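Both complexes below contain chain A, partnered by chain B and then by chain C.
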Partner chain A sequence: MGVSIRGGTPLRDEEFRAVIKEIDSPRARYSMAAGIAYSRFLEGLKRGEILGTYCPSCRLVHIPPKIYCPYCFKHLTRWVRASDEGRVVTAVVSYLSATLETLEKPEIIGIIRLDVPGHRFSSYRFPGILHRICGASEDDVKTQRIFDARVKARWLPEDKRTGSINDIECFEVIWG
Partner chain B sequence: MKMNVYVKKRVAVVGAGLTLFRRRMLETPQELAWIAAKRALDQAGLELKDIDCVVSGSAPDAFDGVHLKGEYYSEGAGAIGKPHLRVYVGGGTGVFVPIAAWWHVASGLCRRVLVVAEEKMSSAADPHPQAVFRHIWDPITEKPLNPNLIWIFALEMHRYMHKCRVSKEDIALVSVKNKRNALDNPYAQAGANITVEDVLKSELLVYPVNRLDISPVSDGAAALVMVSEEWARRLTDTPIWVEGIGYTLDTSYWTNRELSFPVYLKNAAEMAYKMAGIERPMKEIDVAEPYDPFDYKELHHLEGLGLAPRCGAAEMTREGVTQRDGDLPVCPSGGLLGVGNPIAAAGLMKVAEIFWQLRGEAGKRQVKKDAVTGLAQAWGDLMQVGTVVIMRR
Partner chain C sequence: MPKIALVGMGYTGFTRSSEHLSFREMVYQAAVKAYNDAGGIDPRRDVDAFISCQEDFWEGVSISDEFAPDQLGGVLKPVYTVTGDGLHCVANAYMMIRSGVADIVVVESHGKPSEIISMSDIVWFSTDPIYVRPLKLPNPHALQALEARVYMRSRGLRREDLGLYVIQSLGNALLSDRAPYAAKLDLDGYLEAEYVVDPLTAYDIARYSDAAIVAVVASEEIARKLTDQPVWIDGVGWATEISTISMRSMEEDVATKLAARMAYDQANVKDPRREFDFAEVDERYSYKAIQAIEALGLARIDTVASDLRDGSFSRSGSLPVNPSGGALGEGVPLEAHGLARLLSAYEQLRGRAGRAQLSDAEKAVVHGWRGLGTSSSIVLVLSR
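Our next item is the complex of A and B:
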């Protein structure tokens, strides 16, 4: 057997502050072209429309849209307009920002399964998107009352839209 | 039923090594890699000159802060002057590294491979290592919503709770078990005797996720030595054979599927079971190390692996089946929840634990039953990858 080596040198907070370090703050700005399918999707959002592409092979509607089906690898050319309504598949209450700072006002986030008139989907795969949910309380999430609730997109006023997923402010619960 | 895969050489693990897993380590990524690699070589009774090829893995470059990370740590991993491959599939990386090493040996390309995984998350200290995960999303359709990584786990956990009628108390039992198991692990960062109540009362981050539902941020490295059958017989009386490997992906558009059951993992597990000739995993797997970065993930993965009935893992946990002295010990190492989560190193730690368990070398962590066949699994990217390794004595 070889020499015995220590398993490493753990540092406590104050030791970590004291050890010699180099500090680096990389800054990078990216300008990302939205591509063929997303450009049309984002143009649609500007007009208050949610667009997807239909795969004739697996019958899935891809939202956000693709020019190909990732499952069947077919070229997708049929565009469909989804309803701006759907149902909540799952939802959570976030007390944290993207960088893990505590939020002043908690946010409700969910996955929305969108309705696409004239199309049906399996329970396993469907057009679902991530977004904020409004018109619901923390309690609605914690009691799971929000599961399967109907929601409808609340759009920014037309002159404020920029062609972004944020042109939809949130999906608002329609309590029925 | 054996899979129709051409395997030229049988592959065995003959040595494993770990560093301590801790929140902040003095060592550089290279030094961490070297410590783990040296320990694995020592256990195998080999020196670097005996190694033909090196396979390594590490998660996003942004943690260590070097956008050339594989090359950067490679000298500590023993890769200089040898064929070296770094692989990366997010959180699934740690179990993908021995899978890639298996190709090297099974194909006959290399006879003795050094397998290393390293992660130094503490370098990304400001504001928090989690901030690195801001840049894993689709930049056009998801990033503008400012998601954080805990959201997606919380969304999946809540879907699983809803669909399977599982309570937060049931899920917390996993954290209690794994942190307790880790008390017997000399490498562990987060071993503790806690109660379900402690988990439920810990800081609420994103409902339904509390602080103690999550594994900690860690630095650490892990390593194995994997060799061909002829070398395994020369080096040891107790080689541990890698009998099955499996890995599959779904798309990174994780919002398009039923999250309560991971089909991509089921597919990966079936690939590995087929190769290992396993037809009834619940009966044939003696000890398992499924990926547990969050406590519900252990339940979710046991079901995806077919080691628990669908929606049945919580009951198994309540009944004590998954304890070290149970019928199917799960995460006897202490898992990511207890040992720590230096991402790629944590996955490889699970494979090392199965190696030690099957050799009877796990000391105080040794499972009660006579374990012949074991499984390690990791998961990652955006709810999309499953990586599985099956080993046998």
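Our next item is the complex of A and C:
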């Protein structure tokens, strides 16, 4: 991978390592409580359901759910089930991993605007979910053909689900 | 100059664990209570800015600032995070209001230490990576024990004296609803405890608890509209000593002394021993509380030990310290601990401390410290 830096001489990896005096990495382990709202959300995923909370004040459905509306600061108690289908709002192709290794197979990441039966949302505030997108090619993303494409959640088999966002493998494009 | 007041506070937790609530939900519940306490304000309409005091490694999330607004009602409003004790947030709110940037500022801090599995590693990770961390001391509390040793020797404090402080504080905590570690302890019981790091036993070192605390700070004009019981913030001060632990003053808590001087100047406090009715101090370590009492000017170097033995800092003494208990009884909810001290002072000054209420509570000093290995201190002067 070529990196060009103006007005300086980049250090080679071995030069950089030669001046480091201590190498350490944090041992940071946590066990985080999902809490009231996310617990119910995760339990829903295990059953193949995407759940959200509805704010009667601004009419937004929050996915993942919260017990309050961040926009209205109202307590939310109405749960709704979203469809596991929606439309692609935006998508990109990742070629490198976070540690800059070339990925064997480029991955498409996107934001999906979920449908919620009986609810309508504005074009800039809607229940959006971040996930992998499958059934599309790099070219579909580059040509922006994928924008607004319909997608549907591809679920793990029921006995493989653990109550995790990864119980959805990806959102698969339904080319119409 | 117009004054600045605390007009509302709310909290959740002070429990050993809190697996039924996410940190967001804990903060949300504390915020709802604080806004209700502040005359029923609506954060979306009435609050000008929000400040959160947190630290990424405690959160287990980097750039945790981004998670601050939602549960406070602060979305799309001025919000920032201060990497410091909750009292540092109060100082920031004070400055915002004083400078005319805002009239009402909400301050939040929370801690869920029960969720940090590798706590010792995270604590140790705060030491200098080049010349301290590689030493891999078996117990990080050694850093404070070293200071305790020096301080005790220089002030003629014996183990029995630390025991006296611990017994008193854990006993005071029995009067609190927020103290999962409150206990009735006697000197024999104290002296029987094994050392964690000599001279400190498990009784001398505060344990952890989970909590979220929210405070509402307002200008005088707004405060008088919201409540007939404002608690005035008359002064704030803070300071940090050199980062090299081995080169710090260990006999004296210089950072606290400087922070106190700054706060006392603003509040026009001339004789802290006479002017304050009580003090709320950081007692993550028993000896550290005594050191803070002295640095705050509430005792003299040569008499701090005898004052302690005379019961001067007990609930019935001339200057009660942590009259409803402190970190030893409540546990330490990480950066929220300073706000826990503030909350106790706020309740006393409003006459709402329940069974822990002092008969005379008009003016108080509140002290915070960032804990093991740090020298960051902060001091507030409050009055009603």
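The definition used in the following text is that the second predicted complex is superposed on the first by the 159 of 176 C-alpha atoms of A that agree within 3 Å, B and C clash if a C-alpha of one lies under 4 Å from a C-alpha of the other, contacts with A are read in each partner's own complex, and residues count from 1 in each chain.
FYI, a residue touches a chain if its C-beta (ideal position, glycine included) is under 8 Å from a C-beta of that chain, and two chains touch if they have at least 3 such contacts.
Please read these numbers as outputs of a predicted model, since none were measured by experiment.
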| item | value |
| --- | --- |
| First, second, both or neither for A:90, with chain B first and chain C second | first |
| Residue contacts on chain A - larger count, chain B or chain C | B |
| First, second, both or neither for A:32, with chain B first and chain C second | both |
| Partner chain in contact with A:111 - chain B first, chain C second, else both or neither | first |
| First (chain B), second (chain C), both or neither touched by A:103 | neither |
| Touched partner set for A:174, first chain B, second chain C, both or neither | neither |
| Which of chain B and chain C A:18 touches, first, second, both or neither | neither |
| Which of chain B and chain C A:67 touches, first, second, both or neither | second |
| Touching partner for A:125 - first (chain B), second (chain C), both, neither | first |
| Contacts on chain A seen with chain B and repeated with chain C across the two complexes | 24, 26, 30, 32, 34-35, 38, 70 |
| Residue ranges of chain A in contact with chain C within the complex | 21-22, 24, 26-38, 66-68, 70-73, 75 |
| Of chain A, residues touching chain B in the complex | 1-3, 5-13, 15-16, 19, 24, 26, 30, 32, 34-35, 38, 41-42, 60, 62, 64, 70, 89-101, 109-111, 123-132, 138, 141-142, 144, 147, 164-166 |
| Contacting residues of chain C [partner chain A, same complex] | 18-25, 28, 32, 42-44, 57, 60, 69-71, 73, 75-76, 112, 115-118, 121-122, 125, 129-130, 133-134 |
| Chain B to chain A touching residues, read off their complex | 18-20, 22-27, 32, 35, 38-39, 41-43, 45, 47, 65, 122, 127-128, 130-131, 134, 138-142, 144-148, 150-151, 154-156, 158-159, 161-162, 186-187, 204-209, 219-220, 251, 253, 255-259, 263 |
